[in-house]
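The same chain A turns up in both complexes below, where it pairs with chain B and then with chain C.
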Partner chain A sequence: MAAVAVATRGTAPPSLSRRLHEWGLALAVVGAAIGFFVGYALGSLAIGDGDNSLGSNAGILLGYSLSAVGFLAGMGFFNYPIARLLGRPVPTADDEAYLHGEGGGLARYFRLTTDHKVIGMQYVVAILAFLFVGGLGAMFIRTELLTPTPTTATAESYLTLVGLHSTLMIFMASAAIIGPFGNYFVPIMIGARNMAFPRLEALTFWLLPPAGLILLSTVFLGGFTTGWTGYAPLADQNVLGMDSYLIAFSLIGLSIMLSGLNMIVTVITLRAPGMRFTRLPIFVWGVFLTSFLGLLAAPALLGAIAMETFDRTYLATLFVPAGGGSPYLWENLFWFFGHPEVYIFILPAFGLIMEMLPVFTRRPLWGYRVAIGGLVGVTVLSFMVWQHHLFVSGLAPALRPFYMFSTEAISVPTGLIYLVALGSLWRARTRFSTPMLFIGAFLFNFLIGGFTGVFLSDVPSDFTLHGGYFVQAHFHYTIMGAEVFALMAGLVYYLPKMTGRTMDTRLTRFQFWAVFLSFNGTFLSLLSVGILGMPRRVISYAQYLQPLNVSATVFAYLLGGSMLLFLGILIWNVVIRPVPAKENPWESLGVEWHLPTPTPVYNFDTVPTKWSLPYEYDTGRVAADVGHPAPALGGATP
Partner chain B sequence: MTEAVPTSVRAPGDENLPRVRSLIVGSRMMLAANTTLQLTFLFAYLYLRANNFGGMWRPGVGTPAPGITLMILLVPVVTTLVLGAAVGVAGRGDRRALTRILGPALLLGAATIAVRVYQLYHTGYDLAAGTYVDIAVIWLAVILAEFVLGALWMVSIYNSHVRQTVVASHSHVRALFEYWLYATVVAVVVSGLIQFVT
Partner chain C sequence: MTERRRRYIRMYALVWFVLAVAGDIGLALGPTPPFQASDLASSQSTVIKILAVIAWPVFSAVVATIAFTLFGNRVAPHEGDIDPGKLRGDSRPQIAWISASIVIVLSLAVYGTVALASDQPGAGISTTSASLRQPASPSDPLEVQVIAQQWWFTYRYPTYGGVETPQLVIPVGQKIQFHVTSLDVVHSFWFYALGVKADAVPLNDNVFTVTPTQTGTYRVQCSELCGLWHGNMNADDAMVVSSSDFAAWIQQQQAMDAPILKYLPAYSHTYEPNPPAYGT
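Showing the complex of A and B:
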């Protein structure tokens, strides 16, 4: 084994570039500011002739674009490509090791680091931050809806609030599972030392902060009234705040696409010897297939945003009927991205749930290949359903049956995945640890989300329910009730591995019941107001809907409180008063749990070559021999 | 967060990371994503043309300047052929021959960008002349951006090769060739579409 200890490496003083690198985040902020002002000036000057609004739009759009470029330049993302462009020497092994964060320390979490585990942790923080800010938006929305008439907000500011909440949450949901757990565990699970393109992986993360901040800055530019879907022609008519939405969403689209590319290449090319596709952990399958969705769907969003940008700066009329354009074009392009996007949310969550399930049922995953078939089926069909969002938007009637049936057909592979989960639970001696409680809640919530989705795929009922709170509650059941519950399950389950610290069992159990009950209280109320005809994105509503809205708001406050409690437990037990975790608290057979904690910088001393499925709880065989003494099986289950 | 890192091993030594394969697979995946982008514009182009909302698809009477059409089409094709030859040379491991062939490829790449910029600014219309021009110009701009990226890639391979910091491998050149071939095919098809499906 060619193992060289870190301590043996050079002790030369750090070079100027490394010192600058340490200040990456500060330089990034400076770069962003410079980029914005340069871009704004250039954009305004280049296009502002005779039309101030166009000039301002161009200035803001170019300003934001260059601020993102400046941010990334400050972080050091262009050092490598520029060096290659100029033919300068490639980084030495020491440089790469430094970039990988071999020396350890907290500083690597605040700079460009290429270690997939550090990036996974960075994602944890970013996702929770997005969830927190987006959640605050939800609280404001529910507060406003306590009364049938406007109290604290105007119609426009309410729409901006709704748009900010929804767009931030969509950003969060796009990476909620793949970001933290995919980046951290996929390389380990396939026996790789790192991702195929580590710099690209870091880039996908560092695109998120500028995207979030640019989106939030919309409040200084008049906001945007389109919601997260950015529908034209309203988007063409919106004030400068719309430009924030366009640039922020394009950064997120880029991140989704590049993340997908990196995951696909990693799984295809970096699997350890003996790790066949038929032995991939089901979570890796979920991430792998989702990555195709991201890779192939996000470019449609980027293309559509480029067109909208053109409309807003160059007097193009691609989405403006008066100039020969069509708002339906935006709807088509947006939803060609948008509907696969919802499976980008849920497929990795399914993978994560199925990955954890055997650990708590103490038996192999029932129907491993059926589960893969289900995931593949959802992946393929998800590209064929987007027009169900246009049932009431003037879609040619002859096309409706196809999209109705394709949408309903997707419930078949989804049902297969569900069947695998239920089959794994059947007659199992399930350990109801906290993650298992979240898994159960995931299955319950997604069942409601799935059933309500069937009504929306059906043309006649969609005509009645479209644009109302029924739809809103439906997708909250799938995104929050399923994906965010999977995120919480994953955090409780994997934080002991990721941090060496664990969350308090009693508090997380209490938090689980609080979040489960308050979530269902909130969204069952909203399903009901939806059936009673309350439209979405409208600040006022009929008087008779107030009791249910009050109910939804009270439960929403409890929901917000329980989410804060989760955050509080996490911060308290992991950061402020760390509670050390056992090496393998859940007695998992997965390879990731049989490495030391914290996981070594390059994961394995020697890459394992003999692999089996990680669910052989009937034989007790670990997925692979990783060369470390295996943590004892038999510790108490928290 | 993990503050302490245990004594760890230096990367690899006991294995050879298959970077070459990652480069090729990654490059092809990028082309797959690119295909969705091109299909997005194709959908928009045909959608707007088929519907011709308000008769505003092509209200003007101008005609795209045909003067250098042949060059616009031929220069990237010739560049592709030269890069194809470079792939063969790189496969034989002849470094000097590769240097000699990458130089002209680079010049042709620059020429490609020049003619595409000319095309972008000589469509024969102004931007307020209907959605035909809108979608055509933005599509051509995207293709131009792709050629610029390809040319930058070419520069990096050439400079690294000439300065011997990274010797251009068969895989490097092949990935670049595939990318440029893809962009050329798209450019030719789109130019034909814009010229004939009006």
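Showing the complex of A and C:
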């Protein structure tokens, strides 16, 4: 019966809409180009003469907006809504299966598909692209900072590098864990056959390529000088390059918001029978709570960006004091988004780390409910701390003690997550596998990130440390040292499942020590530079800071090299010379490891109904009975 | 409790104790952050030191646990015969951990608030109208307006007829009240040696009070990204001098500025140059 179905599908000529769908990426490029020129022409028409006066950015703004729309149209995102509007027949199960990538082979990774596993893999590629392009920017920045005065860059190109590095890395970090692993594994872990809104999920991914390219195109428009924080009125002053930042960041904000919405609905409505909230794997909890942050915080950013474009195009002076506006408005809106944003980075990483810990300690996660409490506490408190970014901005001093207290209070739920990690590790006979190394490094690096945060939350010490390299090193410890280490841990851990291939153990272990030591060398140097009085984002600095800057740069080169080594191992072992992985190489009890590899297109033939937490290593019970014979646990494999 | 477990815990406690005590002694006796040229800066560097001394034992406890687990008790990957150890979390360590972290957080917050209140009574009062007053008595703080613009700072002494200079000179041992504002975008006035950092926001008066305690020549710089030449918005010529030197210097400045100052009121408490026309 199945063979007959495949045969008929093979012989029937593909319809026009499927032809167009197969050429989606090419059409998207054409659509983006058309969109840009149409938008640019419309904007220029509206402005009239193309002089340098106010509003002359209307062409660029409309061009970028319509190019994003054209890109999505080419990918095929509007076919479904337009067909519904026109009253065309709803897609058949066969159409849906085609869109899902059934039988699509490798080509489905380059199209709009609604399979969350394909989207997870697409995210892996996009995240690594953002990470390495952004990292290249860091290398240029460190090269320039070898000397106290400008040598390799001009003031303009240096600030553009700073802006590109920071903004690209923020884009990367917003989705580094939730994109690849959240999309791939959350539906499987809750026993769903797909996400709640599969087309929306595809949209959240396909917003990234236009966002990245639009941001990079700023170099043709003169760059922007505001860094990733986009402070007004400096942003009002900037040339057209600023519009790249605004449009790109709003596409990312949209992606964060929609992805949050999708995850929330998926986790609430699509859990398998028997999958109660108290049986959700802790990684799903991390993603679930992060999704609330994304859904609630990103609108503040989108609003602020809309206001900024009004400022720049219509002279709305919302952020310009001379016109009755206030720079504090941008600062508050931006950080109201910006501080939850950093927990959007780290909460899924916490979840992922706690998900992996029991696999290597071979014991149940110690204090599962405590972990949920910690995640919930961080989620709630993260909306109450944003003004600690503004301690020296001149806000009413009466507010300072509150934000100092709420910021310090957030260390209590964060401490709970550490309690769970330490309780799980305590006296465990830990398997010293490669992901476990990265987990240990994650805990160490985030610990430094957290403890340096205490110095910044305390107002008297923040007076000096604010806006300097101490802050810079602090958040690199949390984002690079913790989140990117969690990304590497997750890739080493999950690639055998996602690709059926594995990274070379010895090389990856060597890479681990290289990246761990060079990372700490770089950012311990920069912490010291910050205490000694170096402000952020400067191209020139005081002579006496040079030795530490040289040390940071040398370590940064090693760090860049070891990150490239990771990418090299990954590409070599997964793409060029595939090393086949064992099924369930880490002997996990998680349900995702007990499905066949590659995971079937709709995950489960029959959705399991008996679920337990995937950490019952004392009894060896698999999280759900999926009927797939898995390797026995407890030393059966060499 | 088995003998082996007791030994493990004793060993762990010993390692942690040695780490914590040695580290704390090192932090307490070691160098203090090198900005101590004012009452405020000394208190800030002390705060940093005290925070480090409080944080270190907690930090080393966590690091010791990770290290003990990874290096002290490990087995090779895929080794069988797993000792499940203690399986279910019991509530005593959880309660202890939560109470300890709440106590630490509360004491940090109280300490920070007290330090803040004693350092900066009414610091950073922001008003859109100028809050500079005619000094009532000589013991009142010396007011210095810091006017930031792309990409330098100008200093204005309203009590001396509104003398403006590109160089900051202030007397040692006298309370100085900086009134920080900006003419264009957001800047931040950072006098590292004095522990002063205040954002300069257009049409806003950000007040910061400090008493310099050491004479010398120091660096002032901008610490908020303010555009193209932000990296060069610094000067190494800010001076803290004796009161007599300051009196001589300010008289000299007044003499130099006399042709302009005679058209200005003797004491002017506002500074309102025409804001640069927007969009031109």
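Going forward, the second predicted complex is superposed on the first by the 611 of 638 C-alpha atoms of A that agree within 3 Å, B and C clash if a C-alpha of one lies under 4 Å from a C-alpha of the other, contacts with A are read in each partner's own complex, and residues count from 1 in each chain.
The working rule: contacts are C-beta pairs under 8 Å (C-beta built on N, C-alpha and C of every residue); 3 or more make two chains touch, one makes a residue touch a chain.
Fair warning: this is a prediction, and the values are worked out from it, not measured in the lab.
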Now for A:364: first (chain B), second (chain C), both, or neither, which partner does it touch?
second
Figure out whether A:269 sits in contact with chain B (first) or chain C (second), or with both, or with neither.
first
Using the superposition on chain A described above, determine whether A:454 touches chain B (first), chain C (second), both, or neither.
second
With the two structures laid over each other on chain A, which partner does A:539 touch: chain B (first), chain C (second), both, or neither?
second
Should A:322 be classified as contacting the first partner (chain B), the second (chain C), both, or neither?
both
By the touch definition at the top of the document, which applies to A:314: first (chain B), second (chain C), both, or neither?
first
Going by the contact rule set out at the top, does A:155 touch chain B (first), chain C (second), both, or neither?
second
Touching partner for A:423 - first (chain B), second (chain C), both, neither
second
Which residues would you name on chain A as touching chain B in one complex and chain C in the other?
315, 317, 321-323
Quick check: in the complex, which residue numbers of chain A touch chain B?
1-7, 9, 81, 84-90, 93, 96-97, 100, 102-106, 109, 117, 121, 193-194, 196-197, 257, 260-262, 264-266, 268-270, 295-300, 302-304, 306-307, 310, 314-318, 321-326, 329, 332-333, 336, 498-500, 574-575, 596, 598, 600-602, 604-607
Flag every residue of chain A that touches chain C in the complex, lowest number first.
53-54, 150, 155-156, 158-159, 225-227, 229, 231, 233-234, 236-237, 315, 317, 320-323, 327-328, 331, 361-364, 366-368, 370, 390, 392-397, 400-401, 404-405, 408-409, 411-412, 415-416, 418-419, 422-423, 425-433, 436-437, 440, 443-444, 447, 451, 454-455, 457-461, 463-468, 531-533, 535-542, 587, 617-618, 634-635, 637-638
Any idea which chain B residues touch chain A in the complex?
1-15, 17-19, 21-22, 25-26, 29-30, 32-34, 36-37, 39-41, 43-44, 47-48, 51-57, 59, 127-128, 130-131, 134-135, 138, 142, 152, 155-156, 158-163, 165-166
Parts of chain C lying in touch with chain A, wherever the complex brings them together:
5, 8, 33-35, 40-41, 43-45, 47-48, 51-52, 55, 58-59, 62-63, 65-66, 69-70, 73-89, 93-94, 97-98, 101-102, 105, 108-109, 111-113, 115-116, 119-120, 122-126, 180, 184-186, 188, 190, 192, 195-199, 201-206, 219, 221-232, 234, 236, 275-276, 278-279
